[in-house]
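What follows is chain A paired twice: with chain B in the first complex and chain C in the second.
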Partner chain A sequence: MSAIKVVIHSFPLLLQAAMTTFVLSLVATAIGLVIAALVCALGLSKRRWLARAGAVYVSFFRGVPLLVQLLLIYYFLPFIGIDVPSLVAAVVGLSLCTAAYLAEILRGGLASIPPGQREAGEMLGLAKSQIWRRLLLPQAVRSMLPAIVSEVTLLLKASSLISVIGVAELTRTGQNIAASTYQPLEIYATVGAIYLALNLLLAAGGGMMERRFGLARR
Partner chain B sequence: MTFDLSVFAGSGTEILGGFLMTLLAWISGTALSLALGLAVSLGLVFGPHALAIALRSYVEAIRGTPFLVQLFILYFGGPYIGLTLDPLPAGIVGLAIYGGSYFAEIFRAGFLAIPAGQVEAAALLGLTRRQIVGRIQFPQMMVVILPALVNMVIILSKETTILSIITVPELTFVVKGIGTRTFAFVETLLALALGYWLLVEVTSACGKALEQRVARHLVR
Partner chain C sequence: MKRGLWVGLVAALVGLSIAGAASAGHADDVLAKVKSKGELVVGTEMQFAPFDFLENGAQVGLNADLFREIGKELGVKVTFVDLPWDGVLPGLEAKKFDVVAGPVTITKERMTRYQFTLPIADATVALLKRAGDDSVMKPKDIAGKAVGGGKSSAQLDQLKLFAETLPGKADIREYVDNNQAYADLAAGRIVAVANSLPNISYVAAQRPDTFAVVTPPFGQKVYFGYVGRPDEDSKTLMAAIDDALRKIEADGRMEQIQKKWFGLKMDLPDSVPEPGF
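Entry: the complex of A and B
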């Protein structure tokens, strides 16, 4: 089979796998945001040991290579008696890792709001929940959005590593097709092009959201 | 199952060899990507339009795709266009191409961070293009971009683990091998994680010290 035929033939399979990669990345980001909020809250805690725990979490998951984290989680979960499919181990690994980066983004976003705003809210008699919901969060989200979008694109690329623990996402599917068709150059180039397209898609989506939030401010 | 660290007994030389291989790939990959990144940034900032467009495509293509896929293209696809590399050279070249695109963006931002008035003043004083870059722009921008450079060097140290997938016998590859041999995956991988954590923290501390040193003359 000629190279172009191989690429055309395997394209539907690759697109399907790209969907898996995309959805996995978004799911891991959503879970990661929840963990990040907890870690960020820990870090801002007045109790020193809680703040320390938050800092250690961030330092560990940013300091250890993702591949090692993924392998560790993949083998650790069964070790403590939790038998899960590799897909779950992969999502857990990606979520824990991206949470460390997202926690730093959240911390930076909250720190960017002048303390005078919170004080003004308190003076005006707003409840604590109102101060968070109407004052701090909308502004924080606006300033954090570009960094969050860029973290999602990093995660999307990093998700290629879960191919190592056998999840049939884009890279793994490309490996399988390359092995069966003996056309690794064309297949991997196509896989790379799909990642590039996904990233452009994410960047465009992020740009749209930024414009929306920017308008909402006025 | 029990947690047993004796699985490392007798593997000292093997682990040391893996660590040295990691260092070799990291240091040579970093050096090559710094050189490539600087060259690409010079082309992006000062080169003719056509060259800048070509270099921009390289930077965007590399920054938009996973390092693992780039390695696969180079290592498994290379032989089909007459480029057959052993795992280690393929890994180092891969790191250089990957890191080069990120370093290029950092250097480019550095060039843009120096006010145009300084370049114009230097040109009026009769300095050549080369002198302006070498004596005015480069020394100043290094102070500005050092944190970003250190950050990228740390990222590259973590990316060397991915070379294990194309069978470069670096630290991750060696420790995974010990895990497979002894079935002690958790012990070996945990020790490996702690080792990388330490390496990254030490590198980060060195970077901080260097940043303070180069910025010591700046008024705070």
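Entry: the complex of A and C
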């Protein structure tokens, strides 16, 4: 088959796989943000052992390669009697890993707010919840957004690793097609272009949110 | 006390998972489990044409056809799990599936680590070259040249032994993935790729302008088989698959499937032969 024919022929399959990549990455980011908020709260806790637990979480999931984490979840858990299907293992692995990075982004965002802000809120007699909702969070989110968008693009690319546990995401599907057509160059060029397009889409979404939170005005 | 509640919850969860682990460790006959579930789970990599590959997103190849017949004989549904090859045998050991399709070349060393079914195809090694490359006309023409093979494949081992006998040896490159080796051959980085004859015949048939097979094959005669865990629990399943394969061979279905994917009928021994390699 000619190069163009191969690309046109395989494009619908690649697009479908790209949807898997995109959706899994977004789901993992959403779950990751929830875990990250908990881990960040642990890390900021005044109880020493809670703060320690948060730090241990971050160092483990940042310190062990995602590839190894995925293999552990998929191949090791069955040995202790928990059989996880590959899709579940993928979402769990991606979420747990990205949560560690997101937790640090959240911590950094909160730390960037000068203590005077909170003190001013307290002086004005605002309730604790009001200080968080009206003062601290809007400013923190504003400063965290670029880093979060960047983490999502990293995760989207790292999601190619879930191919090792048998999820037919974009990279794996590309490999499969390359293996049956014996035309790897055309297929991988297409796969690369699709990743780029997805990340441009994410960057555009991030830009819209930044404008919504008024980052540009600052 | 809120904190007391948390500690209790965590303790309960840990207790539960330990109990779960204990019950999962209980030994069970694999064939009985497959029959009661009504499903045989097969691990494979769908990047191994003509045995197992994807066409328009659907699995095709000898494995799909042959296991459909094996499933009929056993009276169960067959489900395939597609993993990169590096993960397939570890997945078998982690009991992610009941049997591995591959297929895998039957060698002495592997027979000590796994149980094999009856041979399902000839796995003798041959060379693939670029179409129109006159410098490689027979296997020993690779002397002193760069040749590729699949990392830790039985065919690579045979290639190494063969290269030792050549004057000037050969520069042997190991590839994680056969398809990378084919890509390097097309790009001119190597002059030939060693792989089993059915594999490379299929590659050459798909891209006759780019690739050609160097005849004859070389090295020891070896066969492909399917693989099960070496434990007692898997024995009955492996025996049942062998019985199914004998029946499929006897009534001509095997010949039909082989002709479809290899273009010819292969003569196979009706017991696992003592590998000479």
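Basically, the second predicted complex is superposed on the first by the 212 of 218 C-alpha atoms of A that agree within 3 Å, B and C clash if a C-alpha of one lies under 4 Å from a C-alpha of the other, contacts with A are read in each partner's own complex, and residues count from 1 in each chain.
Criterion: contacts are C-beta pairs under 8 Å (C-beta built on N, C-alpha and C of every residue); 3 or more make two chains touch, one makes a residue touch a chain.
It should be emphasised that the depicted structure is a prediction, and the values quoted were computed from it without experimental measurement.
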item	value
Touching partner for A:Ala158 - first (chain B), second (chain C), both, neither	first
First, second, both or neither for A:Pro65, with chain B first and chain C second	first
Partner chain(s) touched by A:Ala178 [first = chain B, second = chain C, both, neither]	both
Partner chain in contact with A:Arg118 - chain B first, chain C second, else both or neither	neither
Of chain C and chain B, partner touching more chain A residues	B
Touching partner for A:Tyr195 - first (chain B), second (chain C), both, neither	first
Chain B versus chain C as contact partner of A:Arg142, first or second or both or neither	neither
Which of chain B and chain C A:Tyr75 touches, first, second, both or neither	both
Which of chain B and chain C A:Gly166 touches, first, second, both or neither	second
Common interface positions of chain A, toward chain B and toward chain C	71, 75-76, 79, 163-164, 175, 178, 184-185
Residue ranges of chain C touching chain A (in the complex, touch as defined)	17, 20-25, 46-49, 53-57, 81-84, 86-87, 90-91, 94-96, 177, 179-180, 182-183, 203, 206-207, 210
Interface residues, chain B side, partner chain A - complex	1, 60-61, 64-70, 72-73, 76-78, 80-81, 158-159, 161-162, 164-165, 172, 176, 179, 185-186, 189-190, 192-193, 196-197, 200-201
Chain A residues touching chain B - in the complex, by the definition given at the top	59-60, 62-69, 71-72, 75-76, 79, 153, 157-161, 163-164, 171, 174-175, 178, 183-186, 188-189, 191-192, 195-196, 199-200
Contact set on chain A toward chain C in their complex	13, 16, 71, 74-76, 78-83, 86, 163-166, 168, 172-173, 175-182, 184-185
